[in-house]
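Shared chain: chain A. Partners: chain B in the first complex, chain C in the second.
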Partner chain A sequence: MKPRAGWLVAGLGGWGLLALPPARAVLEASLPGHMVGQIGLLVAAGWLLGRSWGPVTPGELGGWNRYGATGLVVAIFTLAFWILPLSLDTALQDPAWETAKFLAVPLLAGLPLCRSWSRLPGLARALLWAHLIPMLAVMGWIYHEAPVRLCNAYLLDQQALLAWTLWGIAAAITAFWTIRAFLGQAPLRKTIYLGERP
Partner chain B sequence: MSQPDPYQPDPGIGRSERGVVLAYMATSGAVLLLMMVLGLIMRLDQGELLGMAPDWFYRVLTLHGTGMVGIAGLAGAGIMWYFLRQYVGLSLAVAWANLALFLAGVILIITGIALGGYAGAWTFLYPLPANPMGMWDTGGAASFLVGLLIIGVGFLLLHLDCARAIIARYGSLGRALGWPQLFGRNDGKAPDAAVVASTMVLIVNTLGLVSGAAIVVMSLINLYFPAFQVDPLLAKNLIYFFGHVFINATIYMAVIAVYHLLPRYTGRPWPSSNKAFLGAWTASTVMVIIVYPHHLLMDFVQPQWMLVMGQIISYTSGLPVLAVTAYGAIVNLHRAPIRWDLASALLVLSAFGWAAGIIPAMVDATIVVNQVMHNTLWVPGHFHFYLLLGTIAMALGFMAWMVRTYGGARESGLDQLSFWVYAVGGVGFVGMFLIGGREGTPRRFAEHLSGWIPYDRWASLFAALVIAATAVFVVRFFAGLRRAALTEA
Partner chain C sequence: MRTLIPALVVAALGIGALAWATYGGQALTAEEARRIAVAKHPRPVPDFPLQTQDGTRTRFTALEDRLVVATFIYTRCRTMCPLLGMRMARIREALPKGTLGEEVRLLSLSFDPERDHPAQLRDYGRRYGAKPANWWVARPLEGLEEVLDTFGVVVIPTRREFRHNGAFYLIDRRGRLAGIYDKQYPERVVAAVRARL
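Coming up: the complex of A and B.
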């Protein structure tokens, strides 16, 4: 099998597996499983599909994705919408929303991220990682301190569990980059300065 | 013995690079003067020589504190960028972006204070911003906090760019700190002092800024949705971790000017590839991060081990780098054919200001003393000491050297007079804070009892002297700025 076909099979396969009722039932049974697990895996499936398009080139999409900015914005807004408590709740109650989630997250978040991430200047990627850490911490705090249940489908203890999950991810990202920056090879070596052509 | 020529331009710095550094220093100089005037107004008001409404006193206090920390950071960043750029490929666009974000943040902060009435000090301690008891509106506090956030993003961008460039050249932050030479055989090829110091600063400041961003966003959410409450102790820990690291980093950035410029005046190199120097910077990297609980010694609910750690590490935190800097400066100066001018005098003064300013800090970091002294003028006494006579003296010295080297500024008798006025005025000014603290004058009080007023009045006089001398330095800098920016080195 050619590599591109391999990525396509992996992407479609992962997407299909996540759509199976048992997988959905397991992941959607808890708030962390739904928001972090299922949505994270759907992003990964979309990313694999994006890899099947072949190498990322500067001229693709007719120049509409310079420096990967457009794709990044689309992905961020898509994720911001689908991690809202209201979106998660409605997806559990309304099959049309569930279908929309399964289409939107891989195609409008995972796939654009794949085609855009490597085109972002190294410094922009570093800034996004650096901002992700405090924002995960803040989001964890919001779920931990919320005085009411934010989702109808999940109890308060699930919000606390999600908070600890998000704090754990923030800690893991911090540890990874700290170790890599101190001991590893240069992660940002191929850098394009902001304002310069890649 | 022939005198060295300290005014040799650096070949790695072109007009574009010099332009951004001069813009940093010009902004810092102009804002510094303005903030100094605000400081004088506060001291005059406390000394009952000027009548100011108490609500305006706290607004001025907020603007003065935030502004001074900001420009100390900006001036330090300018110095760091100038010297680090000679070793690694820093981005000009990022340096300009940081300055633009800084100015945008300043506008928001001034708007929040002047129009929104925010007067909760730079510390924005939870839950004060959301509970002003009618003193300011929500928009004012939000404008202040968003301004801080934007300035933080700019500095984060700058430090990430430093990290990118340093890792690209040296492979890892550990190698940039000279760990192979520190922990293994010293081949004498450790990175330059500017690289070591910049690496330390980017590590601690990135952590500080990330923590600061988290608590600022949490405070903003609490401002509009009070039901989302923050653990006050967690909030104070995050705020003081961020604040402590940021203000300490300013001096660690600015001290690069001492390492690089003083040897040009004495004709002696400043050895940095030795285990003492490298060990000191690595030790300080860790200690600056873990020492911040000394700001919370009065918080009885803080875990006791953190308070004990805060005291012990305070005794050791500043010492390694301070020792290698102060000792290095003395060794560098001893019987050297130094060429005294405004820049060299200010740089030597800065080594004194840093070294001496740490002593009252250590006194206050002792728990039994802190219980009595922390809410007195002793604390502003210590930080004004090492900022006014340390960090700012380094920045002013660097600015004087820049316009002399690139702008051809001439020495004058006024330089020497201004230097001594600055030094004497500065020591007198911080001395009045310390004596006031010893007498039990509370800090952050708009009104003072009659027994404290004489110190306020003497402080006002010394502050006026410092402002007059600083005005000479800044005007001198601006007079040579255009030529320094445009000349082909």
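Coming up: the complex of A and C.
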């Protein structure tokens, strides 16, 4: 199987598997499973689909996605929309929202991220990583401290569990970059540059 | 420019989508969203048979032509439902004289009809002085799921109890769900009722 076909099969296969009722039931049974697990895996399925498109080239999409800016904006707004408590709750109650989530997250978050990430200037990528850590921590804090249920479909203990999951991810990212900064091989000047990727 | 324009267009669309879904940033949770949606577009409550605390079998449409303040309970509940009962009693006391029974009815509807028989409903009602003439403590005999969907009530069974979203619901004279009010503020329900008298 050619590499591109392999990525396509992996992306479509993952997407299909996630849409199966048992997989949906398992992931949607808990708030961390829904917000982090399912949405994260849908992003990954979209990313795999993006890989099947072939290597990222500077001129693709006729320059509409220069530096990956447009794709990144699409992905950020898509994720912001689908991690709202309102969207998570409504997706559980309304099949149209559930379908929209399954279409939007891979196609408008995972796929554009894949086609845009490597085109982003290194400084932008560094800023995104640096921004992600406090954002996860603050989100966790909001879910942990909320005195009321933010999602009707999940109990308060699920919010605490989500908070710890988000804090865990933030800690893992921090640890990864800290270890890499002190022990990694790649000097910063190799990864941070402002222009189009050569 | 070639990148800036699509990025700005996409950002505008994204902001538009977020504003649409959240009612202009007013609702980040489904609970807030349904309150705004109902206030803007009252929705008809489907008719269903029910049984009140004195054993009478009747239908929801028997309440038509009156304003109804409703809430959802189960009688074994030891946390939110006693609170809803106490606050419903406060609403009753705060209504203008002479309106209770004639123009306004109260309804505490059980979402646990299998266990909440008239005896249990009567016992719950007695704690808050509910009289069948103006405050029905009732259980639906059919169509519970449809009723819960209409009101946006989500009930999650736990080991021995239920977790549910609590609120006060105002049903207008045409039998439409016209307002959902935070359980913390019964005075807002009273104000909404007064505005419609």
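One rule holds for everything that comes next: the second predicted complex is superposed on the first by the 186 of 198 C-alpha atoms of A that agree within 3 Å, B and C clash if a C-alpha of one lies under 4 Å from a C-alpha of the other, contacts with A are read in each partner's own complex, and residues count from 1 in each chain.
Heads up, the rule we're going with is that a residue touches a chain if its C-beta (ideal position, glycine included) is under 8 Å from a C-beta of that chain, and two chains touch if they have at least 3 such contacts.
Here the structure is a predicted model, which means the values were calculated and not measured.
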First, second, both or neither for A:Ala80, with chain B first and chain C second: second
Which superposed partner A:Gly122 touches (first chain B, second chain C, both, neither): first
Chain B versus chain C as contact partner of A:Pro134, first or second or both or neither: first
First (chain B), second (chain C), both or neither touched by A:Trp164: neither
Which superposed partner A:Ala153 touches (first chain B, second chain C, both, neither): second
Residues of chain B touching chain A in the complex: 91-94, 97, 156-157, 160-161, 163-164, 167-168, 171-174, 206, 210-211, 213-214, 217-218, 221, 227-230
Touching residues on chain A, where the partner in the complex is chain B: 122-123, 126-127, 130-131, 133-135, 137-138, 141-142, 145-147, 181-189, 191, 193-196
For the chain C and chain A complex, residues of the former touching the latter: 2-4, 6-7, 10-11, 13-15, 17-18, 21-22, 27-33, 152, 154, 156, 158, 163, 165
Of chain A, residues touching chain C in the complex: 62-67, 69-70, 73-74, 76-78, 80-81, 84-87, 89-90, 93, 149-153, 155
